[in-house]
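Structures are listed in the sections that come next.
Presented sequentially are two complexes of subunit A, the first with subunit B as partner and the second with subunit C.
And then the complex of A and B:
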């Protein structure tokens, strides 16, 4: 009780909010960086649903903190992860994951993590450099017709080997994380090609290999839904394919420093399993806290 | 322990990306020397007026580079980049970082700066075979400069890139006058590749885009998402807002579309994002329009009045914030 009052009187700064989320003492401290989210979704690195296609999306907000959450979550769960880094470099994820308690470099060396550095390789491919990456994974950058078959084959090769040649480490179910899908629209890939790609990935990774797939789609209000090359169209189509959808949006009342936005979580099951819930959230330096609308500590 | 730690954390936060929005001067001080791509978009209004505001911000950005000893790279399709550099702003204070719009920079100081320019009329155009369309030459030039000058490895200096009015017809791009442009993804593909180059070198780029001309609505959103930081200038000159008394002191609104958060989950969030700008004789000033919402996680609202007397009416016995 005394500790709580001292922290309330401390000068509030965004990056010192690790004091606000005082973790309970104990050995499991480092794994609880997104404690409320794990309890809302009834999952933990020790116990989670397999075969899920989780769709993350944002509008007037940035859902990339959820990508960091899922990356560290599945690495902690000892799953084999294939990460398609289409918008940020490996070092960005590495620095953030370090704060969340997971070492990406080590995971890559052990063979647990396969990271596609697509962003950094792109100028070479686009300019047709001699020394550039020749793999088919980046075929979507090569005109005239950008397509994703090469990318799918890369994913398949990374995740289909069960255990790998080094049988010393046997990893859990395979996981594919894509950050993010909407940037492919900016590069000239058609929405149809993207949907084919996700369909193939879901069929092999989720159904066949009993693994999971997480993809992020970033949307805008300015795009028209009827436009078949818009992110909104892509989001609608993917919402039908996914099993769990987390939609991150800014607050309808406008920008607020203490409440960064709201998340609508939609469990897409059948009958009573199909339910939606809305939470508000705030992102900290080392995680994010989720709370029922109107119950932010800044408001109460 | 708490006060020492919070002061340390506060200092660390202040060191990060800070765009000065004080009343006195605009200090576009980019402290993150890794790779930040700043994009300034201009909203609907008359072109010349708007272009001059974003061009002004570009000049502040480059002037800061001159004062800090960085190398400059300037690309423009409309004005000769060499001329643009000659008309750089003079610094108005002894320590630099504040600039006077009515004066020009000392030629000696300008000559000491290492600069690279790209002016399409003077460049030879290759066949446009890739999805970069008209921007292939520009990307190749930037890649060459970064590699030749060693910004991707050996050199410990920053390269500041200023790319003026990308997307306009002068670049050979038809995204500004066609609803279904032939090179529909050229601009966004270029920005994607630029982002990649910046991520692997010690450079920072500021790009201006004439948003009011872009016909395809989706493109602007994509341009913002491909940047690390994005700011939109909305001039009042030809809109109905000019007559609104709230805005009578200002020339336009400045919207913060995106705040960078590289290498961290979340960076220092600004108090509020409603800013307005005014072009004065000597400076371009940016001010807050209003106070942020009165919310705080630290203000103690659980304050109980001492004694039995009611909070209002009688003499106050406690020091609660609600007393009056």
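And then the complex of A and C:
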């Protein structure tokens, strides 16, 4: 019951968060909101690597700007996107995406975007309301149900019909974005069950369908012990499986107005292809800028 | 040629041996696993892989093409838990009997090598004690000559890692060095006589799955170039940080404020011009006692 109230409260907060008034997008909207990041990763909506498992993580910082980046990136690339929104409402992403030049509502109507609004659907599941057909996806809320099989099946159903039903629209490779995995740990799902779920997602979406998968794991500094049910463990296990890892951290020297933190980008490969680079970043109204450490415009 | 324990062990597999490459997320032990598989194929041995972590094409690539028919991949990657109802090998089927049966199904059944990728995956679904028991049964069973299992050390508690390593005759722990351009392998090999050999070597796995071993990371490797090139911090700036000769001389002449030099000492000892003296005349109300006021305290 208590959990139920928390969900409802969070949802209320979302709707009354004040955003700057957004002017309607004009005829020429800048298409690159994260130009430096695209250049660092050598990718663009027209040209990106397929079959990638991108792991986003943060520690004492907020990596959600990367989630917004990838959501708009893949929608612009005309991919079919399945978005598991476990921590925020649809309107939250919609408002931010509008500022980045992408209309989520339109994408949803066209069938390009499948959005799981877990917050909205959760009270129904917890209160035992069997009407919604999406309840199988949220089976993990019903204990004892340790596996995320229902959630996986939701993802599979959303992305496996790529191009089949809508003959007019042929979308690109399927993409799964999860925001975020750590909240599942808080909801009582074991780390092993989460890893089984990500395994199946990777095996079907990345390997079989040659699509991409992006997952966010949020870590806490207090969990530095050997606990096998912590976000740190999840992060380590997923690092073994991912092809690209972006780790966001606050600056070790503390809060800075002009530099919001640093990102370690780790291309996992063999020999020379295995590279780790650190960049600092600043999030602003319409994106984020990335620069080499110490070269922020505020510092030079 | 320097003796390389690592190379010797991987190239000539002893009977009834269990190898365990252990890695962390900073460097994947899978390349070493592939090298192990390749060596076995070159020795014309049947290799059976229980593949949980990576798909078949990723393991098959770069393997010796001559004996590819000896490579048997048991697909536990696509559907290890039966969720899609199209599983080839599930994690539930991990047992000595099932594996022995799988191996015996191949026609050659000569010396068979079992490769497990990875034991960490299985450990999420099976009791570690049960895993050790099954591995032990396989070791003694006779159908399998060599077992090679990949283990991700950073995902388990130390006790579990040690139990599995205890079962193995050879444990190869790999860690990244120099941003994973090289890796360090700590090999511990326990011979049948009980003698334990240990060695630390540095290696890289090249594109064609050839292993290059060095006793210490080469001094002239790519990674060294970055540390040798001196970066001049005063270059490429919009303002000038350098000193001209005149400025440098003037800088060196400046007397630092808190350095106690001879001039300062004589200045202090000299009596001043009399401008800073304090003259006090105690009046009738002052109790001007020359003695120490704290004298009566018993400290």
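Simple rule for what comes next: the second predicted complex is superposed on the first by the 263 of 300 C-alpha atoms of A that agree within 3 Å, B and C clash if a C-alpha of one lies under 4 Å from a C-alpha of the other, contacts with A are read in each partner's own complex, and residues count from 1 in each chain.
Here is the rule we go by: a residue touches a chain if its C-beta (ideal position, glycine included) is under 8 Å from a C-beta of that chain, and two chains touch if they have at least 3 such contacts.
It should be emphasised that the depicted structure is a prediction, and the values quoted were computed from it without experimental measurement.
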First (subunit B), second (subunit C), both or neither touched by A:265: neither
First (subunit B), second (subunit C), both or neither touched by A:239: second
Partner chain(s) touched by A:152 [first = subunit B, second = subunit C, both, neither]: second
Subunit B versus subunit C as contact partner of A:228, first or second or both or neither: second
Partner chain(s) touched by A:255 [first = subunit B, second = subunit C, both, neither]: first
Which superposed partner A:208 touches (first subunit B, second subunit C, both, neither): second
Which superposed partner A:40 touches (first subunit B, second subunit C, both, neither): neither
Touching both subunit B and subunit C, residues of subunit A: 300
Touching residues (chain side subunit C, partner subunit A) in the complex: 25, 27-28, 31, 53, 55, 77-81, 83-84, 124-125, 152, 154-155, 157, 179-181, 204-207, 222, 237-238
Subunit A contact footprint on subunit B (complex, rising order): 2, 5-6, 9-10, 12-13, 129-132, 136, 139-140, 143, 184-185, 188-189, 192-193, 195-197, 199-200, 217-218, 220-222, 225-226, 261-273, 292-293, 295-298, 300-301
Interface residues, subunit A side, partner subunit B - complex: 6-16, 20, 62, 65, 68, 87-89, 91-92, 95-96, 99, 119-123, 126-128, 141, 143, 146, 182-183, 185-188, 218, 220, 222-224, 227, 229-231, 255-260, 283-288, 296-300
Subunit A to subunit C touching residues, read off their complex: 149, 152-153, 192, 195-196, 199-200, 203-204, 207-208, 226, 228, 233, 236-237, 239-241, 268, 270-272, 274-276, 300
